[in-house]
Structure formats: C-alpha cells, structure tokens
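For clarity, chains are labelled A, B, C and D in written order, and residue numbers in each chain start from 1.
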Amino acid sequence: MGTPLPRILLTGFDPFAGEAVNPSWEAVRALHGRRIGGHRVAALQLPTEFAASLRLLRSAVREVAPTILLGVGQAGGRAQLSIERLAINLQDARIPDNAGAQPIDEPVIADAPAAYFSTLPIKAMLAALRAQGVPAEISNSAGTYVCNHIAYAMLHLASRRPGARAGFIHIPFLPAQAAHHPGAPSMTQAEVVRGLEIALRTAATTRRDRRLGAGTLD
Amino acid sequence: MGTPLPRILLTGFDPFAGEAVNPSWEAVRALHGRRIGGHRVAALQLPTEFAASLRLLRSAVREVAPTILLGVGQAGGRAQLSIERLAINLQDARIPDNAGAQPIDEPVIADAPAAYFSTLPIKAMLAALRAQGVPAEISNSAGTYVCNHIAYAMLHLASRRPGARAGFIHIPFLPAQAAHHPGAPSMTQAEVVRGLEIALRTAATTRRDRRLGAGTLD
Amino acid sequence: MGTPLPRILLTGFDPFAGEAVNPSWEAVRALHGRRIGGHRVAALQLPTEFAASLRLLRSAVREVAPTILLGVGQAGGRAQLSIERLAINLQDARIPDNAGAQPIDEPVIADAPAAYFSTLPIKAMLAALRAQGVPAEISNSAGTYVCNHIAYAMLHLASRRPGARAGFIHIPFLPAQAAHHPGAPSMTQAEVVRGLEIALRTAATTRRDRRLGAGTLD
Amino acid sequence: MGTPLPRILLTGFDPFAGEAVNPSWEAVRALHGRRIGGHRVAALQLPTEFAASLRLLRSAVREVAPTILLGVGQAGGRAQLSIERLAINLQDARIPDNAGAQPIDEPVIADAPAAYFSTLPIKAMLAALRAQGVPAEISNSAGTYVCNHIAYAMLHLASRRPGARAGFIHIPFLPAQAAHHPGAPSMTQAEVVRGLEIALRTAATTRRDRRLGAGTLD
C-alpha cells in the first residue's frame, strides 16, 4: 500500500450579489479528487460570508492538512485569470455578505500582519498559463471583500504550517453571467478548469519562482 | 428535386496587426455548408485589405446571390459579440492594411450615402443571444478600418438587391490571442460559433425587428 | 456702420440624469457674445428633451441665421473633448428624457439620410486643441440620446443652408460632478471654455480640413 | 518668539517615462512653505529612481523631522485623486527607472513587513475631498514602481518615529500631458493643489479616521 498523496485544498464560493451561479465553485468542483502534479485535490465550497467562510476554512485545513492551498473567487469585470500577488488584513465590504454582515475597516485576523505575499510561484504560474494559451495576469489587489478575506486567511494559516504554501486566483464571469452584464468579459468553465490545472501543476512542481517582470507603474 | 435553399454569405478576415490567427475566419469557416434557419451558409475569407476585400466581396455576392450577408471581424479589446447597428462611408486607417494601404478620410464607395443602418433584426438577435447565455451587445460604431469598410460595402450591395439584408458582428480575441495581450477579454471559438448560429437563425426567421431599448447616452 | 459679423450658434443642454448642473451649458454660456475668428457667438440652452430641443433649435437657426452651428453635450465617463465625426438618424433612449419621452429606434427626422458627417474641420480642430495642450479626441459615435439627436438635426439643418457648417463636441463631467461618480474623469469649466474657443476659432478660419489619421480599428 | 510649527514633508517626483513634466512635483512645490492645519509644509522633489529617492527621503526625514509625511506621484490613466490605502514591500519595475535600474521582485526594505497601511485618516480625507467637489477615490494598490517604493518607505520610516503619520496620493496627468495620450483623463494643477490642501488639512486635524465604506469586491 502506497503513501497517500500530499493534498491540495482548492476552494470556491457560493453565488453572491444576485448571481445564480458562482464560476469559482463550478470550476473548483470539476477538479475534486483529481491528481495534479503528484497531489490530490480536495475541493471545498465556502459561503460568501466573512465569518462562516473563515470557520469552514480553518476546519478544512485541519482535516485535509494540505501542502497547497488555492482559493478561487469570482471577479465580475476582470477578463483573465488574475493571480493575486498578496492579500491584506482588512475587511471593507461594499455590499453585505450572504449573511448580511458588512464590516468596514476591520481586520481579517486581529494582531496579524498587514499583508502576506502569495507563497505560490506566481510568475512561473503566469508564464505557464500564457505559454499554454490561457489569458492570465498578475493582480496587486484581491479587493477588500470575502475573496481577499479568504486569501489572507489561507496565507495566514499556511504561514503556520511547515511546508504549506498558499495563493489566490480571481476568475471572470461565466458567459451565461456576462449575458446579463452588458460589456462584461467572460471565460468558459472549461477554459477556467484548464487554467487552474496548469496553475496547480506549476505550483506543485515549482519550488523557486521565476524572475519575470509583471509590474505596474501605479 | 427540391428548390435550392436561399444563401447566407458569411465572411471572416485573415490575420492582421501581427496576430497569427483571426478569430473571425476561425468561427466563420466552421459554419461553411451548414443549414441554418432554412438557409445554406457559404463562408468566405476576405483579406484585411481595403481594395482586395471589396473586389472579392463584390464577386462573391454575384456568385452566391445571398439573401443574407453577415460580415464578422475581430475587435481586440471588446468582450462580447458586438452587433453593429450601422456602417459609415469612411476609411481612416490607424495602421496600414495587409497590402500596406493606409487611407485617411476617404469614402468606401464614392457618391454613396454617409451611412447605412443594418438591415438585419439586431434587437431580436441581441435578445436571442442573451436568452441563450451568449454575451452580446449593440455597437454604434464598427470603427474606420477594414471591418467597417466591408460592413458598409455589404449594406450598400444588399441595398441594391431586392430581398437581400446585411449586417456585421465584431467578436473578441480568442483566448490564445488574449494570452499575449495582458488584460484583454476573449471568447472561445465554440462560444462564438454558437453565437453566430443563434444570430443567423434569428436573422433568417425574423422579418420585423423587436422594439427593445439598447441605447447609449453618449 | 459696419457689416454685422457672421454668427456662430453654440448650444448646451440643461441638466439630466439626476445631475444638478450640465457642464455643456456652463461652458457655452461663458462664450455668449464673444467674438471668435471673425464671428459672433450666440449661446443657446436646449432642454434635454427630444421634441422640445428640436423645436427650439429650428427657431433659433431661423432667428440667428448662423454660418457655424456647434452643439455641446455632457458625456459622463469620457475624459477628453470628444469631437464627433458624425451623427445618425436614430433615437434609442436608454433613460427617459426630461419630458418623460423614451423613443426606441425612431428617426430624428423622417425620410432623411441615415447619417451626416460633421462639416466642421474636425482633424484641424483636433490638431489645434492638442497643440495647445487641451486633451481631445475624435469620436465615431455621439450615442443615441438627445445629444446625437441635436447633432443630427444641426447637420440636417446646416445641409439646407448654403454656406452653413455644423458639428458636435461631447465634454466630460465637471470636477464637482465627478466627485459623486467614483473613478469618473472630469475637466474644469475653464479648460472646456478654452478648448471650445480653440475649436471654434479653428472651425471659423479653416475651410479645408487637414489630412490627419485619427481612426480606430473597431 | 513662538514655538515652530510641526512639519509636513510633502514629496513629488521628477518626470519619467518620456514625460516633460511630472504633475506631482508641479503641485507639491506650489505648497512649499504654506501653513496648513497648523503645520508648515516642506516640499521635496525626489528623483524617479529606486535607490536615490530612498536615500534622499531618509535624509529629508532626519532634517525636517515631520509629523506628517505625504508622498504624491503621477498615475497616468487614473482620473481622480487616488488615496492609497497601503504600500507593499516590493519592487517590480515594468520599465527602468531614471537611473536605468529595473528591479524585479525585490523588497523595498529587507526584513521589513510585507505591507503597511496608511496611517493618515484616508476615509476622512476622501469624505472632505468629495464634500468640497474634488474627485477622489480610495485605491488598494500603489503599484510596484517608484511611487509604491516611496510610499512604503515613508510608512516604514514613520512607524519608527513616535507621533509621525504617513500616506500617499496618486494624481492624474495634467491636461497638457493628456493631450498626448488619446483618451487619458487629466486634472489641472490648480485642482490638484486644492485637493492636496484639503487632504493635508484633514490629515492634520483628524486624529481618528471615519468609519466610511469604500471597499471593492475584487
């Protein structure tokens, strides 16, 4: 009997802001149980709620004991897979979450650092995605809503688990969602799933990130 | 032996502006020979050249004798299927065309009207696309390059053929193209083909357009 | 006693869409009575209403007998002085006008051409504005609301008056308006007034437009 | 003889990226020596160079001993005064700086925190600006170039000086710059100066920030 594979904890969210579907969960659940880069994927749906999502994440991290944590979230209006460079210790909710909470300028975790940089190899992931024809970019802000909240919490939890690394990717609307948002970009579920596989395989097999410029002037 | 089906002349362009592929031709050729809404589709590739594209279009119109003319062109940076409301009698080329010509403020066709409105049912097409989950919008400008040139020429030629109707749809980059254009939206070929089928079926079966607001303040 | 100067009819609109002010009227009225390029400016406020604005424009054209007609309108979201290349014979109102009318796909003037190109020297105006440090651009669509309506009507009326020329310029929000629209660009009244003077002086003194590329691919 | 006023150290940059002027220095120098909110303003021009700007900032902080540090920088493409919420410990230069250096994924200051939040009352500043008609917004990223570099360094230095607070504001192009960037937003120097005065007065007189939502979903 072999050694069990190391685990990837891959999370998506339930729908929010009036949408019927959340593309992050649709993509993430398609990868549940898959073997990628020598790891086994465990997919988890989180509620778009500040408090409950954090509780659920904590218990899943204890249970799954992942070496890689990747959060995925919907960014309506963005056009490409958007690899977050960092997450910040801040909640500033433009709209109430799915439980009705709307925190303003509160920390995700009290007495924790202002920010964490992603510990996944974001430049190598960017290069692999582009090389395989998947539109991708580096983002310097995951916002101030539940996505950033979970991105921050993942990085915080990973920082306390030896060998664990974490990161976050924002994804566009699905075409069927964009059909209700005039002018909004979209990406199909198949394209997102393919992109997440490439990103995870690169993360799993790259220990040291590439030196590749992807900065912004402002 | 039955009556031959009425024809749809469906055109796409060859690559330009340094791209290796033009998504309009990729989508259009996938529909060649297809029966849609009681019509038979004839797909035609046009060069991204002001002069040659017009000559080729004229001869194809004579040969195919279409009742529906639909031009399709790449609009890098747009996010949705973009149904053009009109085309204008103007060439103002920001970059040289594939033959090196760069006309500035010259007419497409001398002594012809300043513009033609699309004679396809653009609002019905918009509604059908959205209802079937394909992101789509009405556009009030097809630009001033070869796409508008062909859109105008199609509408001009159709205006002289009893029973013929014409229109133009701009489409986003393919994902593999957008992978080289940071931040640019994209749409898969399959999604575009599905959208063109819906648009053509609606055009073929709708004689009178819907009254549906799709205006812009400016 | 000298010959009276030829006239410029310069129009702005009253506030709409919930704004307290319309920057077009604020700029236009500052130029009333001014002598520019050998012409005398007559400023006129039009209501943001399809029907009434057209009636008022017709009577002002009869009374003022202008040789130059320039309409100015607010384009919330645009960042620069936006010189319209053409206007189209279409009303498609995204919101009701100030009289509650919301026409969809109706002509501005029945049995008139689909569009008119501006008869002012738009490229020379663009070059003069940029040379004097005023941000400006050529636009290929004046939209489908009351601005395009008046732009079209001006071009239609000018086409029937020997020697008369017409055009339209869209302008950004004032800073005080943009302060209520997160992320929206603005331009100060002084900057807009300065730009309109340059544009009008250029129009008054240029009989033949410059050949200057200002096209868009789509 | 009275007690000398507490000091504000206000910095702008020299031109970069081919521009002839940097609006940040034009605005900042207009405020040199001014008394605002019981403080005296000392304006300082920094070079758009990673290494030299940091050296110059350090020595100026020692010399001026400011209680408020506000950095100002050009953000070509942004439309409003953009109050930065945080700065990150990262250099990722899209273009070389004015000394030819182009660091990629290096820290601003080794062994320092990943990020600092602004210690100026950014929400109160936002509210004051909007209330007085100056277009303003909160930004969650100061980029990864020299602006973020100085913003981070200011926050780092202020964190070590009891009573000192720091922040950063990005500003749009001047109109004369935007005239060379088709479609780019701009703000006049007078408007920026007025905005900086309001921001500094609010910072100087507000000890505890307002609780005011200004978040983004992503």
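We take it that contacts are C-beta pairs under 8 Å (C-beta built on N, C-alpha and C of every residue); 3 or more make two chains touch, one makes a residue touch a chain.
Going by UniProt, the chains are A, B, C, D = Pyrrolidone-carboxylate peptidase.
Not measured: the values here are computed from a predicted model.
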Chain whose average C-alpha position is farthest from chain B's own: D
Whole-Å separation of chain centres (CA-atom averages), chain B against chain D: 48
Chain A-chain B separation of Cα centroids, rounded to whole Å: 38
Geometric centre distance via CA averages, chain C-chain B, whole Å: 31
Of all residues in chain B, the ones touching two or more other chains: none
Complete list of chain pairs which touch one another: A-B, A-D, B-C, C-D
Chain A contact footprint on chain B (complex, rising order): 79-80, 129-130, 133-137, 172, 175-176, 178-188, 190-191
Of chain B, residues touching chain C in the complex: 17, 73-78, 85-86, 88, 90-95, 102, 104-105, 113-117, 123, 140-145, 147, 170, 209, 211-218
